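Here you go, one structure.
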């Protein structure tokens, strides 16, 4: 960018940016201060009831809670790592599959966009209907191929994997579309050169395509990971408050929600939310601390 | 609640290509941009110009927040009558129980005045809301002789009073009913009279390979607690002992946990630990279970051919007797209260009074919604709408009934999560005793803390 | 949230050198066709099931052996459209979606231009922090704040909350878009005597119209789908469609037919948007290909 262009417009650029920046700041500053403040109090029942400042007691309580907090943190990680890994792998595979143009491409892409754009609340309810252990179509179909009925979301052990698969259903298309866009922009020459040199298609994929696609892949990964960590609608719609009878899908977000709305423990809930937000920021930073970055 | 789904980069980049000029000319796009901005700014300013401060005008509606329940649907049919009476529009927002509770917590934390009448659960939210000062004191208003406050049954009336103040008025009462299949129990000589019979008949009738279940009921940790309470009482236990300490570690409680767990584990449907009322009810309604115990207020679902395939074969019986006899709960499940911050206190009371008046309760009970007024219960005309065996079961259950179906504490949600754990362990086939011991310890600690919070 | 990553990515993106090859008629090609068909089915069948359920009676919905072969009934649609509530909620969703999207575009597009043209990624990424904060931590304070200024239950508060989602979304898409536009056009306009703002207004903005449209469609869809904000911030007169869906889940039973019919009604505009957007996508792709 030329220096003159930049200098002449110092005022203008801030004017252009101010409304958006101001709006987001206005909406977010109060909640942040509010939550941080509450996290150091013993607020219970109502946020404006008589509270006492109790220092970092809520943080100590949360971090020493082996019954709910740590299992929830662990589930959050398992859910995110499991679902996102599958989404990246399947998304990449699908993108490779769809890379070359084919007849009906348009309709396949439209089909891929539907899980992405349909209302999450409706999706959750729909999957409950499909996976109902007694009256659902899923078990009915499994019956045709001789697989005994599964409990799916009704089971303590199957719930988290089932929800991970629903997440995969919902978000693999996004990965595919993102990676597909990345793939179409890759230059053809390196791959052609490798082909001429006799590299197998797997070698070309592994050593040419994946490295060239790396930036897109990481961007998609960070975006997806943040949303996966915060997954809520579908967990709540299918398993209700507390993440099921044995807390089997209670992630940090579900736990914080329960502390706020079911237990009215606003102090502790705020501390958990602060820890959770820090955790997400940590993950983002970790994923972006990669070698060969141009700027930070 | 993921805030933003990342867009497909493809959509964006692809369109940077060639279709630009064809789509919009520069000038017309600029005009569109300005026009849209202007319109939007105007609309926002307009809606922002009408802040809700000061006394609401005669056009402001009376806002009722309610559970999506047959009662709410039935009463809303009569709204025009009431609107003529007070000359104000009534709007009713119907939500599920969890959503309703969450909305109260968010809105009343901000001293919101956009709720006038609140449908609350006297046993779930009232103590907390009383502590927070969210429910208006109705004591003086209920003293109106025409209203006849003493006509309300003793047990529900007691639950409406916190610290000597009437904070809510019961409109729907509930007892458990044993729903059973008349066609299937013929060989056994009728419905089970005892819990032992219930278990043995369920075991015999269950054919789980072919998706037929002996007993279906709630198995979800928190949702099941209220129904399990009748099993607990009938085994001779209670959530808390006389001195207010934890009662879930007693041998009676353990027996009730084990019984309930066995009943659902060995004769119940798959996935039962994910079932609350909404999931369990359809299984019985679809004719896939022989027995089902849940609130009697929901009986009409089984008589509705749009939902039920058992409308001709469903029977109703009182709660079966356990070692300590038949001790079901008999509770005010839903009540009406008035938001302290409402600016329409008088109209709100007019609504509550109208909706819970002897005439309206009799009218609704005649439509099949069990109310809390003695006058309605002693009126044969209102009972005629219930099937005869159901009316009899309701009468018996009310006679033996215990006035609560969950721990009577401030943090009911947390208490239910604790006392529900051993129940789930039982359904999962785990050893119940150690889980019950652990839950007992946790509950004891919880009660100490909760008691401290009750000093308000 | 990751404006930097966005920029580096965007730099690699335009123009897309697409090489169209006719698929080879080999066994692999055939297998690929089958695989793609299966994938498309997996992603679309649940929605088909939703529409099928909408055309069934409640007893049929709960009977899996009915499958996809039954005589459809429009009863559910008739029932839900008979009471005006669905139409009103749809109207509310439309008002909130359109106004919040337009307002968001009005403030986010110039901001994106500033970020893209003046390399203000670091500043821009502050806005994207909005993506990280869990919504649970926003609800109580927001309600508290808006109740103080008497805005709760109005369209205004719903629009503001939806804008909190849309502004970062549109900003994020448009930064990449403006970076992809050649800066030379604006420079030339400036030598012809236009101010920097004039260059934005006359040159960059019209060129960015398709990108703005795409970003706006997506922002509208996410507003259309948003449940949590409307649940808490709307009231009976302003509530939007996702909240109304829960009307079909009552105390004891779920009206599956009605619920699925309402869900299908909600999903149709979105599917139409996807089909419609697809058209532009294909046009853009081929245009890029012929150009390069």
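Should a chain be cited, it is by its letter among A, B and C, assigned in written order, with residues numbered from 1 in that chain.
Convention: a contact is a pair of C-beta atoms (placed from the backbone, for glycine too) under 8 Å apart; a residue touches a chain by one contact, two chains touch by 3 or more.
Everything quoted here is computed from the prediction, not taken from an experiment.
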Ranking A-C and A-B by C-beta pairs in contact puts on top A-C
Going by the average position of its CA atoms, which chain sits the greatest distance from subunit C?
B
Centroid of subunit B to centroid of subunit C, CA atoms only: how many Å?
35
Counting in whole Å, what is the centre-to-centre distance of subunit A and subunit C, each centre being its mean C-alpha position?
17
So, in whole Å, the Cα centroid of subunit A is separated from that of subunit B by 33
Listed in rising order, subunit C residues that touch 2 or more other chains are 9, 13-14, 16, 62-63, 106, 130-131, 133-136, 140, 144, 164, 168, 227-228, 246, 277, 281, 285
Each of the following residues of subunit B touches two or more other chains, namely 1, 3-6, 9-10, 13-14, 102, 106, 109, 111, 282, 286
For subunit A, residues that touch 2 or more chains besides their own:
47, 113, 120, 135, 181-182, 184-185, 216, 223, 230, 232-233, 253, 260
Touching subunit C in the complex, subunit B uses residues 1, 3-7, 9-20, 23-26, 29-30, 33, 36-37, 39-40, 43-44, 47-48, 50-53, 61, 63, 67-70, 73, 91-97, 99, 102-103, 106-107, 109-112, 114, 277-278, 281-282, 285-286, 295, 298, 301, 306-307, 309
Which stretch or stretches of subunit C touch subunit B in the complex?
9-10, 13-16, 57-59, 62-63, 99, 102-103, 106, 130-131, 133-136, 139-140, 143-144, 146-156, 159, 164-165, 168-169, 172-173, 176-177, 180-181, 201-202, 205-207, 209-211, 213-215, 218, 222, 227-228, 231-232, 235-237, 239, 246-247, 249-254, 277, 280-281, 283-285, 287-288, 290-291
Counting only contacts in the complex, subunit C reaches subunit A at residues 1-2, 4-6, 8-9, 12-14, 16-21, 23, 32-33, 35-36, 39-40, 42-44, 46-47, 49-50, 53, 61-65, 67, 106-108, 110-111, 113-115, 117-121, 123-124, 126-127, 129-138, 140-142, 144-145, 160-161, 163-164, 167-168, 171, 183, 187, 190, 196-197, 200, 221, 224-225, 227-228, 241-242, 245-246, 256, 259-260, 263, 266-267, 270-271, 273-275, 277-278, 281-282, 285
Under the stated contact criterion, what part of subunit B meets subunit A in this complex?
1-6, 8-10, 13-14, 98, 101-102, 105-106, 108-109, 111, 128, 131-134, 211, 219-223, 269-276, 282-283, 286, 288, 410-411, 413-414, 417, 420, 424, 427-428, 442, 453
Residue positions on subunit A within touch of subunit B in the complex are 44-49, 67, 113, 116, 120, 132-135, 149, 151-156, 159, 174, 177-178, 180-182, 184-185, 216, 220, 223-224, 227, 230-233, 239-242, 244-246, 253, 258, 260-264
